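Next come the structures, one after another.
Look at the two complexes coming up: subunit A is in both, with subunit B in one and subunit C in the other.
Then we have the complex of A and B:
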């Protein structure tokens, strides 16, 4: 047997049961912006694979105006590898501009043309010179996963479109913030989550550039990015790179809040941190929290009968296998607001090394008296093995994970709530699990799953 | 029936796989659809002549012949037998390059293990050079360290 190289998590370079897409998968970050259209320069099947995995068998989110079967692609053949595919891309862009209506075009390449050496930037630059709102993002698969791709796309749009087309790049508008949070489509509930995030931020007095999804004013909203007072990065790491770029570029400070807030306690902390950072909207924030908590606890009061009295047993311990954002968010909520016991925590998004230590620290103080260990694993076999080793006590645990965790959940006789890509057994339209409203939905989901198992 | 009237006339042409069988370092041939021997300016189906270039193991390109062929496409009407014959006439080649190659012809070529390549507005010399680089890279990529 040849010797196999393994990393700290005993992981080899082979991964089964994928938990993210490739960098080209970030074409979904483009389709998530109303009015934006991706143009892809890649092999046949590349877009299909990214779409089917990230946007179809993941909550059945669908393609919409610019995704799925709509996305133009050069469908590179062997001749493009032999003779170069730049001309082919040029033809594709020209044709797309003729028949596709969009406010912004984003050319993304797959790994084939980047390896062959097509000068995609030069092709796109010719259109940029003519004033076409088009940018190029080098998202060859070897650059990393779709989280990396998302940052490449975001930065390409800022550098090549916003910077060029924004009517005013110097004025700062008091109270206007750019929000960098979940990864569209990868985070199955991003639509509902971003809507709730926008709702609570607006409730607390902020004007919000949410940038992706229905709540975004689309491409023209992106043009106001330089006018924001500051950038708000919500989540353990994604978006930090973009915020740092904007800090340098437009002299915008940023606030990094690693915990995507679920439930009254976390949302309260979240909104108060923002008000304290900006020294703004304190009164509106308190008034909003008061109003929302009144409603939230109205519902919770009735829920407590069930939570305290249900005779047939409810889960007490849990494991989470998900991307960093949801993992930390769920842990905070489950420990602080439900009093559940963390058993195994696995982050599966290949978080860049430089952020991992800070994330581990977060788990050391989930509550005053609760700490947990977190592991960074991407391989499905090892995720399963790790969950299997958890100490769950004598009651069946609840597993927050992906569709891949169904088998191990059965083996543990536990309950499963799918929260991370791929979520193949939930049809998701605009459901949210965050904020005030999403927390209640999450409670419904958790306990409906738990008590209906034997029905 | 298509006959070879050029250099290889009268010789027995072996099928393409025979030429490839003895390893990647063998020489190989490229057929390029050209009316003047310099520019790739013909559709596969309309081409009545191909430049046959042999790439030698050392990377030297030698024009072997101008091979005449009967164009299988007669004003949009394709005769299956003529298509097969046109493809057979090039079966000693690893690549066939033309301005355009229809899906039927591509399939017929691929069945003979010949790789069809479409390219517009280029010369025989340029195409051969690019194929040579590609072939070399492909061989390098498939060598296991």
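Then we have the complex of A and C:
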């Protein structure tokens, strides 16, 4: 037998059914910033693969202004491997500045330049000296996944662009916060989710740098990052590294709330925690919660008839196989709002080891009387095996997962709600599953799926 | 000795070396044909004198490119789609992104052909930074074992990657070792993205591995009514077509079983729908396994389909059956084609697909009376592997359907498509591969994405394609609307250029002006919505 080891979850190095992109996939964190354009220094298929998987066959989100087949790429060839590709990159950057219209360029490399040793930082520095808004990010694909890549890209923009171009880096603006939450494009619903997140935060009195998506003022919003009163990290771990960097760099404290809020209970806790942390906006927060809950429970009251007396059986137990952020968020909502029974919880984003214990703790008190175990598995084959072992009682479960879970869901005669990359059987435009409004959409989705069996 | 495809080497010889493939060129289709010198090159392919290595087709090469496609992706969409095999990607995780796309394709393909829909079986070895230093032979061994334990496949394919190519992983010795141990073919496929400038080499890489390790050598029996049809996942149009000649279809490579691949050597003939895809496999089956390749124009339009059927009938000794069938088909289809011609009168189309496939589609469009004065192909093969002029698809298009005045070779470069479309202003596009239709849409031009590659094949193909075009012309309302509400990511300077290849011809236009602009000018931000 080969000398490779299996981990606690029997994982080898093998990855069946991928559930994240590579570090270069974070080119999508660039295209998510209005006005920013990636320039990629990589093999000929790298951009297409990351785009087609993260942004096309994942909710059909699309490439938009700077993604898809728009993104400049050096499409490296044998000669670049043999002689080095730095000159090729230099030409590509010069040509991109001539042809492409953008407020910020982010140069990302793939595996090839990383292995052959192209110094992309040196090439980019030449343009930076001339005042071009351009940064370099070393995102060689073997360095990690697109979550890692996202942090590399974010920090590159802060260090090389924000720090240089921000007109004022010392003034702190009361009530202004930077929000670090979902990973754009990887999370299929990020656009709608970030819009709802911004809406509820603004409703509670905050001024919000949401930084990605339609609600962001684009590159110029990034220049106000240093002026925020504090950073808000929403989710179990992504963004913590960036928040710590900003704490050191701009003397900004940060608040970490591991639970992305879904539904009235979670949103209420979420907004109150922020107000308490900053000792600010307490009154506005309470007024907003009151207003929103009135609306939320108006709809939920009508939903009650269905949930209380639908004759033909509704699912009682569930499994979630997703990234950490959605996994924890869904579990909180399903347990506390609906009273569903957690059977199998699998986090698939290769959460860094140092954050795992804290996440396990969260699952130990999903509610006062409900605890669950969570497993960290990236290999899709083992995800399937694990879901198969779940105890779901006498009724078929709901599986919250990815397109990869369609086969096992059929085998279990269950119901599938695709919530995590890849979502190849849902067309997503601005749908959200979070906050007040998203929670109601999620209820519609879950139960439409569940009752459709007889359709 | 005629020049034969070399199956002794573990790695396939890239297209540019075998065929002189290019990825950028501009002119008209007759000039391209003349410069390609198919016949002269073909003589070289057949080992006669020919032009040797000297008849280079001039290729344009500029400083700007947008993300293209790689050979490994084509391996995923072929070897990854074999129903009872497993494909291993020996690569960092990024290459694994393809699993998502090719799973979507595989599931749709299975559904289209009536097979049980299930997930694609591709395993990534997930190489890390330290593997780049120390190598990852054990990880590959482990993943091969995982593939075996999990799926008990009939064959295991191992695709290389840019990373393993550069660090010099010896994949072949591991696949040899595992093949002996497991007793099934374990097939290395050399498909590093940087190794060939065009992704179609990935087709050849897959076919090369199948020819070397899966196709049955010295078969005990011949199946005189079996025809290998080299295709992708397209709908089953060949079964009804070939039934009229008492022939059965053996679809390869996609959605085939390993046994169906193995029996290719028992077939009476091999055909394809596109020489770009079928050239290598069909030629090698003839040269190394004695299965004749049907060398004819591709089955598009009346003339192409007639000629293709006649040649297939000749090779399989079914001449008596073919003429009545052709006549009946003409009578059946012609009235429908005439109706479509009326509806499509005055409509102008533009093709943007792979090379030989584009030639076929233009034929069908011209049968339907659609004007085509501009098109692009992602690459151009000046000759195909057999070297036989009967496969000269561009020559056939020019000769029987007339030239295309604005003919471009452009490897999925969206920024160039803008200039092409301004020049000829088509009403619609036919496309394969993603990336170009989104731009056309933003210019108000609908595109028909031909996900089912068989849509235009044969007599019914004319009707199918005509109806598809009418459907997408109706979509124009959407595209016209979106056109008014989006901003293109290209600078005015570029949008004003008439020549899409200007930067290849005048690289001096790229000076540092553009860089200076950022420090001197008050720029209007492009990205601010809020």
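Operating definition for what follows: the second predicted complex is superposed on the first by the 451 of 455 C-alpha atoms of A that agree within 3 Å, B and C clash if a C-alpha of one lies under 4 Å from a C-alpha of the other, contacts with A are read in each partner's own complex, and residues count from 1 in each chain.
Throughout what follows, a residue touches a chain if its C-beta (ideal position, glycine included) is under 8 Å from a C-beta of that chain, and two chains touch if they have at least 3 such contacts.
Because the structure is a prediction, the values reported are computed rather than measured.
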Partner chain(s) touched by A:20 [first = subunit B, second = subunit C, both, neither]
second
Determine, under the contact definition given at the top, whether A:35 touches first (subunit B), second (subunit C), both, or neither.
second
By residue count, which of the two partners contacts subunit A more extensively, subunit B or subunit C?
C
Output check: A:396 vs subunit B and subunit C. Expected answer is one of first, second, both, neither. What do you get?
neither
If we overlay the two complexes on their shared chain A, which of subunit B and subunit C does A:68 touch? Say first, second, both or neither.
second
Does the superposition put A:261 against subunit B (first), subunit C (second), both, or neither?
neither
Could you look at A:236 and tell me whether it touches subunit B, subunit C, both or neither (first, second, both, neither)?
neither
Please indicate which partner A:48 is in contact with in the superposed arrangement: first for subunit B, second for subunit C, both, or neither.
second
Kindly classify A:78 by the partners it touches after superposition: subunit B alone (first), subunit C alone (second), both, or neither?
both
Between subunit B (first) and subunit C (second), which, if any, makes contact with A:218: first, second, both or neither?
second
By the touch definition above, which subunit A residues appear in both interfaces, subunit B in one complex and subunit C in the other?
78, 81
Okay, in this complex, where on subunit A does subunit B touch?
78-79, 81-84
Of subunit A, residues touching subunit C in the complex:
1-4, 12-18, 20-25, 33-37, 40, 43-54, 56-58, 62-63, 65-66, 68-78, 80-81, 91-92, 94-103, 110-112, 114-116, 127, 130-133, 140-143, 145, 214-221, 381, 403-404, 406-407, 421-422, 424
Subunit A touches which residues of subunit C in the complex?
62-73, 92-101, 103-104, 118-119, 121-129, 131-132, 138-139, 141-143, 145-147, 150, 161-163, 165-167, 193-195, 197, 199, 412, 414-415, 434-436, 438-439, 487, 489-491, 493-494, 503, 509-519, 523, 525-530
Contact set on subunit B toward subunit A in their complex:
115, 117-119, 122, 127, 130-131, 134
